[in-house]
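This report concerns only the one structure given below.
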Amino acid sequence: MRRKYVRALGGVALAAAMVAAVGCQDSGGDDNASGDGTCGGKIAIFGAFTGPNAGLVIPSLNGAKLAVKQHNAENANCQVTMQEFDTQGAAEQATPIANQVAQDQSFTSVIGGHFSGESKATMPTYEAAGLVMVSPSATATELTAAGNKSFHRVVGNDSTQGAAAAVYFKNTLKSQKVFVIDDGSTYGAGIASEVTKGLGSLVVQSDKVQTDQTNFDATISKVKAAQADAIAYAGYTNEAAPLLKQLRAAGVTAKFLGFDGLYDPAFPKGAGAGAEGAIVTCPCLPAAEAGGTFSADFEKEYGEAPGSYGAEGYDAAKVLLDGYKDGKTTRKELLDWVNAYDKQGVSKYIKFTDTGDVDPSKVVIWAYEIKGGAITPQSEIKLS
Amino acid sequence: MTETLRQINERRRHVTGGIGERWRALPKWQRAIGILAFVGFLYYLPLLGIPGLTWFRTDSIPQGNNWAGVLFLCAIYVLVAFGLNIVIGLAGLLDLGYVGFFAVGAYSVALFGSTQSPVVEGLQNRFGLSQDWAVAWAICLPLAILLTMISGVLLGWPTLRLRGDYLAIVTLGFGEIIRIIARNSDWTGGPQGIAAIPGPQGAPSPDNEIFGLIDAKPWYWLVLSVVILMVFAVRRLENSRVGRAWLAIREDEDAAAVMGVSGFKFKLWAFAMGAALGGLSGFLFASRGGFIEPTQFSAQLSILFVAMVVAGGAGNMAGVALGAFLLAYLPERFRDFSQYRTLVFGAALVLVMLFAPQGLIPSRRRARELKDRAKEAPANV
Amino acid sequence: MKGIFVDFDALFGHLGQHTVDGLSKGSIYALVALGYTLVYGVLRLINFAHSEVFMIGTFTVVGTWSVLGATDSPAIGTVILLLLAGLVAAAAVSGATAVAVERVAYRRLRRMNAPPLIFLITAIGLSLVLSEAFGIWQGRLVKGMPTVIERSVLFTIGNTEVTNVQVITVLAALIMMFGLDVFINRTRYGRGVRAVAQDPDTAALMGVNKDRVIALIFLLGGLLAGAAALLYCVRYGNTRFNVGFVLGLKAFTAAVLGGIGNLRGALLGGLLLGVVEVYAATLTSSAWEDVAAFVVLVVVLLFRPTGLLGESLGRARA
């Protein structure tokens, strides 16, 4: 009998402890970093920092890091910290991160997402939290079409890039039969439909490959049968490198053009000799063309030239850092700051439209060529 | 090394077995109190702040936390495991494509409930409805369950006549087909997925006070309530005529047929019921996320689901719930080791299966079946 | 250009070409499928980890070639050396891995006479361990390798080009398949395998060492997976830590299609699956080829529940 009472008592005590503990937990989520004369704050940056497509994102991360470092060196009384969150480029990894960042009020702005899928998945959460997002490299057209108030990007969208690629096919390559391939990702399918629109009747056939596919017999069989003289590939290195290699091994000599997803040193490396002469278009500026001392600074810091989106990553961070420097410390103030931003950046002149796109007339698209296993700038593609 | 492992395992079995015995020996009212306290604790979990126990939380940054979000995912997986347990644990059918039902449930609410879905847009144009019109969340719920049950029957009808291993590969194919259709069709939103999926308070917006985008606690409580409801429902099912028929089929299909239990009919029932639960969990998952895309429903997820059920203890609801909880929770808690997560997960799966083939909390009946099998094994091999 | 639309011109305009491409794709499925079929024929279990045995084979080829300093299209003597070295290394490593898989993941369960489901889960666990270990060690990005055999068109029939690589893969698959068939049906060891497949207990009573026979079939499956890995490397020139998952799935489908447990069935199923996939991709798009493969599987199983040629490692031809 006695044991029963002990047990019951224990139960009551436990319950009491739990109730008591409710009080002291979960209260830390509200406001503490408010603007009482302080300066600086915390930025969250998220993207695929590991995983197969990290090569595309790391330069942007490094660019942003460089901007923060320079800012902190110059403004001793306005320190900004930037925390990295790795999503491996997957929407389901990005969402829990978005939840955490949204609840941690010490974060007052966000750089990202780097890919379109993760951006689309997390936009509503950041919007609900009133956090401003500045993306260096998410290019899907639809991202700015749904009326999201928090999303901004310092890069041209896919409709501009798709149109530019179509111009390149027509004017520079003088292609007659273009075979369009996409990888069925948010990004790939989006840009493929843009370039298909731009090319019109020049598109001879199309195909979709799957993520992580490694043998492309069926696709190659189709390309050969269609006797295409050019191939447009919308997707990432992970599939593009083996595809291109197998295309060349199967004797297909058609010109290969990829989009910014292939602006990744791993692409020529993975495709080997087959990549020679392939074209990559990108709404990103060649390092040498970037304004100011950015390119030299970047090389000094990391020992290599800024690759894809290095300048854009720098710009994205710079937009926010200027805000912090101006004494903006809350999420609301920073959102307003970004909306009103109007200044020359290293990659382009940055001013956002109402939907969060960068002013389309300032977007530049470049064609790069793979030469000797390196991505080298070829020419700017002039629309019209 | 295996010897030490085996010894540890023996000791574990001794201890845990004892707990089960003692628990069952308690008077009914004490068990009731125990259960109530446990349920209360589950509801309290997202607020967990007991010193010492806070270690279990999954906060990776100081002030923001996704602990409630992780618990939500755990609860969703528990629901999935209940559904799959009907198929694997009760009816003894190996379904490697369960993610297909999860996806059908998720896509049901996405396609009919979101104003951005091509299906809703089509309906708007056809019937001249306003731009804001979409099927209400509360109506999507029965719709999702109905659609998944139909897809369960559609899958089961041709395939349930096949033997176990064939069923495994065909269901695996089914799961892939659902994903490929979702990815490559226009009416499913394609690879871009579908956003603006509604919750109990309608389409996601910053104004949703309770079931909002950021705070996961109400969502967790919602799913937890559904889980508790399902515990009772599935227990009733287990002890019903249908449940006993499943058991008979699992143990000896021919003998069951002789006794007048139609194997095919009851297997189809198991598929439909299991599918409905999978659909329900997919439905809740999509409502919370507000956004789904086809890559979220990969074949690897199916395999994870099966692993939850089998490692936890197929046939035992407490077991599969534990399995689901652990497999959802541990990778989140140890996110810092993200490089090695899957590796450790695989190794743990192997070890659990080698040393506790009946699962962590075995079903008593299944454990007996296993023992019988072991006796049947000839001694010399 | 989205959704399903069927393009018959694309298929029938180049039917021969698509068939040849499909056959050479299917021959690799067939070789991997043999591994599944052997194990299934004897133990009645799906060796889910077989796909990783194959994956390890491809990495062994990469390693061997880079040690030997392979370059693109070397001289003929070097080609033969590279192929032989690759074959020996890959077969050895894959074979050893397969035997180790049996030892670690299955033997204890076999002693317990555990239900097949448990084997499946340990196999899944082990396959995660292996592929993740390579993902961590070798990186997650696709890994390229030199093109050892330069492609050249051997002969042309109509508008169908047949290349040397295609002929090599199909021939190699056929040779290995028949070699295995002879081994199982004509040798003493083969008789042991068939005996265990037919009735393990009686075979044990008759003095067949069951453990050794089981190790043997895993070894055989591993050797073939190693050979398949070499052909894969020659043909596709790349690999990745998760290369096994999809390929293993397809190979298993091929084995079931032909009649699991049946060696000739695995060959037939593999070739058929390759052709079906290329046809389906041509008719619609590559995105739908997996759907076509599974639909064909379901249809075949509905009309012939034991696959095209029936299950028969031990029974029919014993």
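To keep things simple, chains are lettered A, B and C as they appear, and every chain counts its residues starting from 1.
Here is the rule we use: a residue touches a chain if its C-beta (ideal position, glycine included) is under 8 Å from a C-beta of that chain, and two chains touch if they have at least 3 such contacts.
No experiment lies behind these values; they were computed from the predicted model shown.
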Central chain (by mean CA position): B
Farthest chain from chain A, comparing Cα centres? C
Could you put a whole-Å number on the gap between the CA centroids of chain A and chain B? 33
Rounded to the nearest Å, the gap between Cα centres of chain A and chain C is 38
Spell out, as numbers or ranges, the residues of chain B touching 2 or more other chains. 183-184, 190, 339
Which chain C residues reach two or more other chains? 2, 245, 285, 287, 290
At least two partner chains per residue is the criterion; list those residues in chain A. 50, 184, 208
So in the complex, the part of chain A that touches chain C is made up of which residues? 50-52, 55, 180, 184, 193, 196, 203, 205-210, 212-222, 224-226, 237-239, 241-242, 245-246, 249-251, 266, 269-273
Considering the complex alone, what residue numbers of chain A touch chain B? 4, 7-8, 11, 14-15, 17-18, 21-22, 24-26, 28-29, 50, 83, 86, 90-92, 95-97, 99-107, 117, 120-121, 124-125, 127-130, 140, 142, 146, 184-186, 188-190, 208, 211
Chain A-touching residues of chain C, taken from the complex the two chains share: 1-2, 7, 10, 13-14, 17-18, 21-22, 24-25, 72, 140-144, 146-147, 151, 153, 161, 163, 165, 232, 235-240, 242-243, 245-247, 274, 277-278, 280-282, 285-287, 289-290
Using the touch definition up top, name the residues of chain C that touch chain B in the complex. 2-4, 40, 44, 46, 104-105, 108-118, 120-122, 124-129, 132-133, 135-136, 200-201, 204, 210-211, 245, 249, 252-253, 256, 260, 285, 287-288, 290-291, 293-295, 297-298, 301-302, 305
Chain B to chain A touching residues, read off their complex: 30, 33, 37, 40-41, 44, 46-51, 54, 59-66, 69-70, 116, 183-184, 190-193, 195-196, 204-206, 212-216, 289-291, 293, 295-296, 332, 338-339
